[in-house]
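My questions all concern the structure below.
Every chain is named by a letter (A, B, C and D) in the order it is written, and numbering of its residues begins at 1.
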Amino acid sequence: MAGSILGEIFKISTWGESHGAGLGVVVDGCPAGISLDEADIQVFLDKRKPGETKYSTPRKEEDKVTILSGVFEGKTTGTPISMLVENTSQKSKDYSEIAKVYRPGHADYTFDAKYGFRDYRGGGRSSGRETIGRVAAGAVAMKILEQLGIHITAYTKQIGPFVCRKEMMKPENIEKSPLRMPDLDRSEEAEGYLTDKMNEHDSVGGIVECVISGMPAGVGEPVFGKLDALLAGNVFSIGAVKGVEIGAGFGVAEKSGSENNDEFYMDAFGNIRKATNFAGGILGGISDGDDIVLRAAFKPTPSIFRSQKTVNTQGEEIEVRIKGRHDPVIMPRAVVVVEAMAALTVVDRLFVGMSSRMDKIKEFYMD
Amino acid sequence: MAGSILGEIFKISTWGESHGAGLGVVVDGCPAGISLDEADIQVFLDKRKPGETKYSTPRKEEDKVTILSGVFEGKTTGTPISMLVENTSQKSKDYSEIAKVYRPGHADYTFDAKYGFRDYRGGGRSSGRETIGRVAAGAVAMKILEQLGIHITAYTKQIGPFVCRKEMMKPENIEKSPLRMPDLDRSEEAEGYLTDKMNEHDSVGGIVECVISGMPAGVGEPVFGKLDALLAGNVFSIGAVKGVEIGAGFGVAEKSGSENNDEFYMDAFGNIRKATNFAGGILGGISDGDDIVLRAAFKPTPSIFRSQKTVNTQGEEIEVRIKGRHDPVIMPRAVVVVEAMAALTVVDRLFVGMSSRMDKIKEFYMD
Amino acid sequence: MAGSILGEIFKISTWGESHGAGLGVVVDGCPAGISLDEADIQVFLDKRKPGETKYSTPRKEEDKVTILSGVFEGKTTGTPISMLVENTSQKSKDYSEIAKVYRPGHADYTFDAKYGFRDYRGGGRSSGRETIGRVAAGAVAMKILEQLGIHITAYTKQIGPFVCRKEMMKPENIEKSPLRMPDLDRSEEAEGYLTDKMNEHDSVGGIVECVISGMPAGVGEPVFGKLDALLAGNVFSIGAVKGVEIGAGFGVAEKSGSENNDEFYMDAFGNIRKATNFAGGILGGISDGDDIVLRAAFKPTPSIFRSQKTVNTQGEEIEVRIKGRHDPVIMPRAVVVVEAMAALTVVDRLFVGMSSRMDKIKEFYMD
Amino acid sequence: MAGSILGEIFKISTWGESHGAGLGVVVDGCPAGISLDEADIQVFLDKRKPGETKYSTPRKEEDKVTILSGVFEGKTTGTPISMLVENTSQKSKDYSEIAKVYRPGHADYTFDAKYGFRDYRGGGRSSGRETIGRVAAGAVAMKILEQLGIHITAYTKQIGPFVCRKEMMKPENIEKSPLRMPDLDRSEEAEGYLTDKMNEHDSVGGIVECVISGMPAGVGEPVFGKLDALLAGNVFSIGAVKGVEIGAGFGVAEKSGSENNDEFYMDAFGNIRKATNFAGGILGGISDGDDIVLRAAFKPTPSIFRSQKTVNTQGEEIEVRIKGRHDPVIMPRAVVVVEAMAALTVVDRLFVGMSSRMDKIKEFYMD
C-alpha cells in the first residue's frame, strides 16, 4: 500500500489534481459480470459535488464521469475499469497569489519539503477534489456489496458540540438535512452554529459515523490484515481526518471488562448473536456478523477567510488572507468519501477471504 | 498488506501461536551494515514480558530471542533476518476447558466462523503473544531510526478516568511507574483504581500515547500512503485497540479552523516551524518536521474472572468463568508494541521516500 | 504483482481495450522534477504505431497521447501521471463475425473460460493495443534512465531462419530496416521470407534482443527480486512471447563451467570487469556493471488469413477464416514494448535498491 | 514482489544462509483445514538433499524440517506456517580462503557491490541452500494442488548434448536415473559425459522440463498477472537459470502461424480441446486446460576445481582454485526446486482467480 494505489485484490489507482485536465481512477481486480454504467457512478459523485447548499463552496463543478474501459454491453468484463472526470470550472488565477505562501493547516509546506516544488493550483493533489477517484471506485465496490446484501451508510454524527441522538437518527433524514445529520433537531442547531462561524470567517469540525450492515461473520485476517485496522487506516487516509474509532472507540478507556464485553446468545433462528455491540462488529480483526460501526473525526476546514500568520517560500514571515471558494464544513460532502473507503476495504477483504479454507476452495474448483 | 506480512520495502512476516513451538518474525528489506545482536532485540522484548509487576500475569515467560539469519560478524548483511522466541512455559491444560466455548470479547467465535476450527490453546494466533514478532522486528527498526536521529517513546496516558497531566509527564518517570504512566501521581491513583477492579475480578481500559521526535519534514506520500493513515492503520492492528487519533484527534470536532490551524514561523536557525502542533506533526499525510503525536485507545482485557453468559460451539447458551493467568490491564505491556508499530511504519516510509525526487536519485547513483 | 498493475515503487496501472473509448496508464511513484511532455511519450508510441510499412497492419491509428495529471510547468510533480490514448479508427463491424468463434492461438476461449464472456471486439484487452499503456509508461522510465546514463536498445535479432550476425549489427541500422533488424543483409533476406509467407496468407515468428548499457553494479535483490528474474517475467508478460533468455541463455545447456564462467580482471581505470559476458550482465540476480543482454522469442501472429479448424461458443466444430487487418510479423513493433518492459523493471529495481545499505541511507537523510 | 517474499495471496517469506544457524520459510495465506505434517515436507526436501549419488556433493546435510507454527491437531489453521531446517554440517573453514576472492560465475562481486560486504561462508544467501525455503513452501503448495487434482512433475530433459526423446520418457524412470533423466539411455550417455567433465575438474549445464497437468481452464490474469509470465519469472529466480520457455518456446522463431496455431476441437465428452499443444497450455496468459509445459536452462555449476583468473577484494588480479564440495551438475537436485516454484505460482493464481466472476462470488458468499 503506497502512494495512490490501494488494495490487494480489488485494487484502485487514483490520479489527478484540482486544476489539471481532470481526475480519475483505474479499478483493477473488479469481477466480470456486474451491471455497471455511468449513472451508477454519478449518483455517488453527485453526493460529493459542491454547490448544492449554502454550506458548501459555490464553485460550479459538474463532475461528470466517463467510463473509458472495462465495461462491455453494460457489464464489467473483469479487466481494468478506467473512469475520468474532466476539470471544467477551475479558475487558476484565484490561486496565483498563494503560489509562494505556506497556508496554515494545508500541505503546501510539506509538499515542498518532500518534492522540492508543488502544483499550487487549488492545492494540486492535496485538494479535496482528489477524493473523486475514491468515490468513483467506491461506487463500483458498492455495486458488488449490494449483490451480497451488504449496505454501507455514513452521515454526519456531530458538528461542533452538536451530537446526533441515537434514538432520533433516522436513515431517511440524512438527505433531508443540508448537513447530512440524521437527527434533524441537532442538524438545525448545527446550522445555526455553522452560520455564526461563517459570519466570523471561520470553519467547523465534526464527526462522521459509518455503519456497515449485512456483513457475514468471518471477514478479515489476523494480524495485519484485520478488518478494523484496514478500515481505520483507509478512512484515515481521507484528508482532514484526525482520528478513527470503531465500536465503543475511545470510550473503552473508562470502561471495565465486564462493561465492555459483549455477551453471546442464540437468536430465534439458531444464529450466534451478541447482546450488545461495543466491539463494533469486529472481534480479533474478523467480522462477527453484527453491524460494523466506525467514526472519523474531521478537522475544521483549514481554508478560513481571516488573516493568519505564516511564512512564504522565501522564508519570510507574512500574513495571509485566503480568498477563493471553500467549504466552511467538510463532513456533509465527506460522508460519501467515508462510505467509499469502507466499501473498498470490505470488498477487498471479501475477495482475499475466499481462499481461507480448503473445503471451500475445493468446492469452488471441483464442483 | 494482508495477513501476517507488513510493509512495502522494510517488510516483516510474523508467525506463531501462544502455545505452539514458538513465535518469530522474518525481516526482509533491512539495509546492510547495521550493528545488531540479540541484546538489541531482547531489551524491547523484555518490556513486553509478563510477570514483572503485580499488574501483569504471573506467567513466567522467558521470551529469549535467537537471531537465525541475516547477521554476519555483528552486522546486518541486507538479507532476511529471522528471529525466533521459543515457547517454554505454556500450560495447555489451563485452556482445555475453553476449547468449546466462545469467550466474550475474544476472537474464538470469529476464528471458527472464518477458518472452520481454531487452535484454542491460549488464544492461538489471536493471543497477545503474537506481538512478540512485532516487537522483535520493531527493535530492528529502532536501530535504524537511532542512526537517523529519530526517537520513539510511548507510555500509558490514561487508565480509567486517570489522565496524565502534560506538565507532570517526564520521560524518566515511565519506567518508575509500574503502569508506565509518566505522571507519577496519576499512576498512583490509577494503581488504586486498578486494584479495586482486580478485586472485583474485572479489568480496565486506557490510552497509550506515542511521540516520534526528530522526524525530517517530507516523509509520507499522498494519497493512500499518508504517514498518519499508515501509522493509524498499523497501530490499529494491535489487538484490543479500538481507536487511534493523531494531534488534536477527536478534539477537532469542537474546534474552529482559527483555533485548530497551526501558524508557521521562522525559528532562530532559519527553519520553518509551527507555533502549535494540533496537526500532530503531519500535514497532508506528510511529516512537517514537528513531533508526531499519536494516541491509541485499548479496551479492557476481555479475560475477566467473573461468570459471563455466552454460547458454546454446539450453539448452547452457557455461563463461562475464565481461569488461567491474564493481565488485568493491557497498556503497560502494550507500550512497547505501539513503539514497534510506529518504528516499522516510519522506517518503511523513509525508505519509500528515497525515490521522491530526481535530483536526489541522480546524486545517489551518479556521485 | 497481479492483473494490470506492475512494480513495487515505480508502479504502473494500465487499462483499455482494442475497441473501447481508449487506452492508457497511470504511473504512480514517478519522482518529482523530471522534464516531461507529450512529445517525450509520443516518440515511443510512434515506434509501435501500425501502418508505417507494408509489414504492419494498414490500420490507421493516430495513437496521440495526452498527459492528464502529474506534470506541472513542464516537470513531473511526484504525483500520479495519467496518460490517455483515444481509440479513433476502430471498426467494430470487422469483428462481429468472430464474436462467437474461438480463434486458434488467441485468448478468446481462455477469456470466456475465466470471465464467462468477453469483449470480442478486436481481442478486447488481449489485443496488442494493450501495450500502449506499457510503452507510454516505459517512456517515462526511459526519461529517468537517461539522466542516470543508462540506455536501452532492442531490435529484431531473428526472423524465421534469418539471424543477425553480431559483427554486422549496427545501432544506426535499426531504423533503416523495415523489420528493425540491424544486420541489413539479413533484414533483406527476412523481407523475402516474410513476403513469401504473406503471399501464403501466413505469418512468421522471431526473436527480439535487448541490451541495457550503463548499468551500475549492485542492482537487483536476492532471492525473488533478482534483476534477471524480474526482467524475464516482465518481458514474458508481453503477448506472443514464448521464451526469454539472458546472456548465454539456452546455450548454457551444452557448455561446461570452464567455458561459461566469465573471468574477472582489472581495467585500465581500476574497475573490476569481466573478460567475457556469458552471464549477460547479471550474477546472482544482481547487475555486475556489464551490458545486460536479453532475448525474447515471439510466436508468429496467430491471426492468419487461411481457413483453420476450430470450435465456436456453442461447442460446434467449424472452420474460420480471419478477416480484418493484422500484422504478419510482431517483432518490428514489439521492439519498443520490450524496451519499455526493460526500462520499467530497471527503474523499479534502482528505486528499491536505494535502501540497501545503512551508510547510504544515513548520508541521504543526514547530510 | 521483492527480496525474499513472493506471492500475492499465498505468500512465502524465505530466509537463511548456507552457514548460518539454519534456513527456513514462513508461508502466509495457506488455507485452513489441510492435513500437514513434517513428513509431507521432508519428502520434497530429501529430493534436493545432497550426497545421494556420486554426481552430487558428498557433503552430509540432514536437512530435517521442523514445523513451528500454523498446524494444530494435524491440520493447517489458516495462520502462518513457519518451517525451520537447522544447518548442522557446515564447515566454515573450507571457505575462509575465498573470503577475499571474487569467484568467476558467482555472486561474490555483485553482493559486495550492492551491500558493501558479504557473508562469504559457502556463498551465504546466494548459496543453493537458499532453495530449502522454496522447496518447503512448495511442498505445502503441492498438498493444496493434490486436493484439486493438479499434478506437477519436473525432470532433467537435457545434459550437455544429450536430450531425452519424447517417446522414451516415462515418469517412473525419473527416480531410476541418478540424473533424474526419464529417458534411461540418454541418462546413461549423459552419465558418461558428466564423468568425463568431472575428471577434467569441470561441470556441465542442461535443461529441466516441468509439466503441470490437471489444470482447469481460466487461471491467470491479463496483463502482468499472466500465468506464463509469473511461472517464467518465478522459475527464473532459481539460481543458475539463464532461460525459460513455455510450449514451443524459442522454437517459435522458425515457425509460421499455420504451423504454430493449435486448432480447437470437441472431445468425446463435449469438452473443448486443442489438437496440438504448441501453446504449452496457456493462451493470452490464461490456462487453457491442457498440460502446461515449461523448460528452464541451467548453467554449469560455476564452482569448478580448475585454476581460474579473477580479482580479489583489493582489486588485484589473481588465480583461484576452488576447493570444498560442489555438485558438478545442478539439474538433478534442481528438479524439485522447479516443481516448487511452479506449485507456488499456480496456487497463488488459483487463489487470486477466485474473485474473477460476480456470479461465483455471489454463490460463494450467499449460498
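The criterion applied here is as follows: a residue touches a chain if its C-beta (ideal position, glycine included) is under 8 Å from a C-beta of that chain, and two chains touch if they have at least 3 such contacts.
Treat the numbers as computed from the prediction; the structure is a model and nothing was measured.
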Practice item. Could you compare the number of C-beta pairs in contact for C-D with that for B-D and name the larger? Key: C-D
Practice item. Compare the CA centroid of subunit B with every other chain's and tell me the farthest one. Key: C
**Study point:** Separation of subunit C from subunit D, taking each centre as the mean of its C-alpha atoms, in whole Å
**Key:** 26
**Study point:** Centre-to-centre distance between subunit D and subunit A (centres being mean Cα positions), rounded to whole Å
**Key:** 44
Practice item. Return the distance between the CA-based centres of subunit B and subunit D, expressed in whole Å. Key: 38
Practice item. Could you list the positions in subunit D whose residues touch two or more of the other chains? Key: 2-5, 8-9, 14, 29, 32-33, 78-79, 114-116, 125, 222, 352, 356-357, 359
Review point. Given the complex with subunit D, which residues does subunit B contribute to the contact?
Key: 2-5, 9, 11, 13-17, 20-24, 26, 28-29, 32-33, 66-70, 72, 75, 77-82, 84, 114-119, 121, 124-125
**Study point:** For the subunit A and subunit D complex, residues of the former touching the latter
**Key:** 8-10, 29, 31-34, 76, 78-79, 144, 147-149, 216, 222, 350-352, 354-362, 364-366
Revision key, fill the gap. Listed in rising order, subunit D residues that touch subunit C in their complex are 1-6, 8, 14, 102, 104-107, 109-111, 113-116, 125-126, 130, 158-161, 197, 200, 202-207, 217-226, 228-230, 232-234, 236-237, 239, 242-266, 270, 272, 275, 278-280, 282-289, 297-304, 306, 308-311, 315-317, 352-353, 356-357, 359
